[in-house]
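Chain lettering (A, B and C) follows the sequence in which the chains are written, and residue indices restart at 1 in each chain.
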Amino acid sequence: MASNVVFDNVSCTFRHRSGQLVEALREVSLEAPVGQFICVVGRSGHGKTTLLRILAGLQKASGGRVAVGDRVVHGPGSDRAMVFQQDTVFPWMHVRDNVEFGLAAQGIGKAQRRRISDATLRDVGLEDFADSWPRELSGGMRKRVALAAVLAVNAEVWLMDEPFGSLDYFTRRQLHDLLLEVWASANKTVFFVTHDIEEALILADRVLLLAGGRLVDDLDVSLARPRDEDVRASPEAVAMTKRILSHLGVTGGTPLQPLEAAQ
Amino acid sequence: MAKVVRFIRRHPAAVVTWIVLLVGWEIAAHVVPESTREGSPIVPSWEFVFTDSLKALSGNWTKPYWAPNPIRGGEETYLGAFLALGYHSLATLIRLVLGLIIGVLAGVASGLLVSYWLTARRLAWPTLNFLRMVPLLAAIPLFQFWLGANARGTTTFIAFGVWVVLVVGTINAVGNVPDRYLESARTLGASRLRTYLRVVVPGAMPELRTSLLLAAGLSWSLAVGAEYIGLRTGLGSIMAVAEYTTNTGRMIVIAIVVGLCALTTFAVLDNLFSRLVSWMPRLDDSGLAQVAGVGAAGAGKAAGTA
Amino acid sequence: MTVAPPRAGELSAPQTRASAAERYRLHSRLVGFALQLAGILIGVLIWQLVSASLDPHTMPGPIETFRYISDNLFQSEYLEAHGFSEGNGYLPHLWYTTKNVLLGVGIGTAIGVTVGLASLRIKVLHEVASSITAVFGTAPIFVAAPFFLIWFGIVSTAQIMIVGFYTALLMYVFARRAGENIASSYIESALTLGSRGWHVFRRVHLPASVPEMTGGLRIALAGAWGLAAIAELLGSQQGAGFLIKFYSTSFVVDGMFALIILLGLIALLVDRIVVEVAHHLTRWAEAGHGVR
């Protein structure tokens, strides 16, 4: 399979406000084929968001390079559109204008924008809310709008930074279903950052583990889809969970047994 | 010296801007034709400003000591000029500071009083809002007619203007205290008065900074404006005469002095205000805990007797 | 591409609660309106009491003022008797002042907002502009009025210049602060969707900063009326300020008072319009955000 996204020995070091030197990423190299759903897992502050932001072009790597297709990443662009954890649906625009935002930026004409936004809104189930204000929608619906905006620009790579983190459990599960559905038909590469292992096992083809800025593991999650409760309770799945947990420094884990942190 | 160098290095564009402006002014001074009145230039050069114009101010020092009196034939001296400037600056400052203090105290007090009852707040609002919109600078002749074109009248005028700003500002600040603080205090057992004094007032204080600085700026405009139109002492009065005689050099000197004095008053005011706010109970968990302490004590007593 | 239909419950609005909420809102709006009216009446009452308790001819009462205004607004016998041209009432003078204020504030806002928001991207711009605002922002702008009057011989030009200068300084600070307060995630989201330069400025920075900038605009307006009036007081042959000065030389308190009240009313009206327009522009905002 042709590689879509390539990280070549990427490092990111910057100076913290306090003067300390922080190595957010250390020599990360990986290749991702087209259409692969990748979850980037790790503890907070260990580099997952940095990796995503470098791929997005919002942050510069201090060493190595990142390429998408054949193009080296220099800055942000709609070929690597991103869904953020915060609510980034623009409240001063109607839902439709939000979805068409990236298209308008490219100068695409009104009629064509309309066609694309109609189709995209139908895909995410919001065709009745095209003319609503974002404040009239629930948090989960606003996430759908954010997703629709990414779909509309037909990005090659979908970047997601803990996008469902601020939503309640049930809404999150609903959005998992929606995301997997649209991904299946669009066949795009997805980089999905999360600290939630259950979420990773529901969504991913492949799990990348970051610890201390280093890529410490690369799991192939070849479980059957859909990843319902039975599949995730299978011995293979449990083994994967334990393997991920061991990397994150969590060995035990019941209310009676204290958790031990690894060095 | 090192500090200056550091400043220049950190803010190169700012330094360049000001050099360009000052040099541009000097160029304009030599290029723009002089006005016909008394040979005074439309754009005075810096040399002219800091020598002739500055010295000429000694004519305003009319006391018969410390420096020769130019009006009676004495020479113009820098000492005389600085004395004159100091005298008139003091005159302006006294009226201004007095007016500010009175206006602020009266404004905050009446604002807090009115805000205690929601109905009172809403009833008073239309009138106070209208008063705020009346441009007081335009009303200087009227106020001078009412209060007299003298020091006391001007001080009262300034105090009134400041009062309007602070009353409206206080009412707004009180209204902006987040509801959750009030609710929290009340559910902890604090009475309405205690909530108001210990939670609402400290919570509203920080927002008053904007009103305070606004009032300070306004008081300077009112003070200089009032002196401009009707008084014989104070920086504004010197400016008025200078403008009438198109003595631009003197106008610049006064403008610079006014600017420096205003800067000083703002800095002092800001400093005092910061001290006051830091002394007040902070509106956060520790502040609420103080209120809670009382509530809990009351609840404990009730529980003890149950 | 098919997608499962949206789950019920999440997407349907709570219809049943709407009417009760509407009734409550209507009720509280009526109460608010009644209190406002009562507040105005109380103000007028206090005015009457104060006026009556002072020496006669010190401060005209509400009824006197109303009569004086209606007598002089369109055509003033007093003014005509003192050499003004026929049919000259207060209105043309009030319009003169208003026009200059609006022009000055308009120009100043355009400059201040553009430079302020642009300075967030272009650092040099911020250095240059803030070095100017730091110095001139603190000094009472009134001090510059005489200079402007001398340099720009025509009073209306001087007025517009000084009001514009003052407004530009103020709006620079407010626009910049509003721009800084925009959540970075909004801007980053726009960038990752392919938006750049002018597009992101127009569709993200500007709309997001309207609420905060409105506050600055109202402050600028409040100061602008006084600045314009006093510029007229100093050297004009037209305008509300000029009329006030004219009346003051003959101690006609009724006239001075009436004009000041009128100026206040105009300022109030313009302020209200600004608030309403801003309210409309921010109708997307949730409660607590947007303009109050």
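Going forward, contacts are C-beta pairs under 8 Å (C-beta built on N, C-alpha and C of every residue); 3 or more make two chains touch, one makes a residue touch a chain.
Quick caveat, the model's predicted, so the values are computed rather than measured.
Chains that touch both chain A and chain B: C.
Comparing the centres of all chains, each the average of its CA atoms, the largest separation from chain A belongs to B.
Two chain pairs, A-C and B-C, are weighed by contacting C-beta pairs, with B-C ahead. Every chain gets a centre from its CA atoms, and the centre nearest the mean of all protein CA atoms is that of C. Centres computed as Cα averages put chain A at a distance of 53 Å from chain B. Mean C-alpha position of chain A lies 46 Å from that of chain C. Here the spacing of chain B and chain C, counted between their Cα centres, is 21 Å. On chain B, the positions that touch chain C within their shared complex are 11-15, 17-18, 42-43, 119, 122-127, 129-142, 144-146, 214, 217, 220-221, 224-225, 228-229, 239, 242-243, 246, 248, 251, 254-255, 258-259, 262-263, 266. The part of chain A that touches chain C in the complex is made up of residues 56-58, 75-78, 80-82, 84, 86, 88, 90-93, 101-102, 104-106, 119, 122-126, 128-129, 133-135, 138, 140-141, 146, 149-150, 153, 159, 171, 174, 177-178, 181-182, 185.
Residues 32, 35-36, 38-40, 42-43, 46, 58-59, 124, 127-128, 130-132, 135, 138-144, 146-147, 149-151, 219, 222, 225-227, 229-230, 233-234, 240-241, 244-245, 247-248, 251, 253, 256-257, 259-261, 263-265, 267-268, 271 of chain C are the ones touching chain B in the complex.
Within the complex, the chain C residues that touch chain A are 1, 3-7, 10-11, 183, 185-186, 188-196, 199-200, 203-204, 207-208, 282-286.
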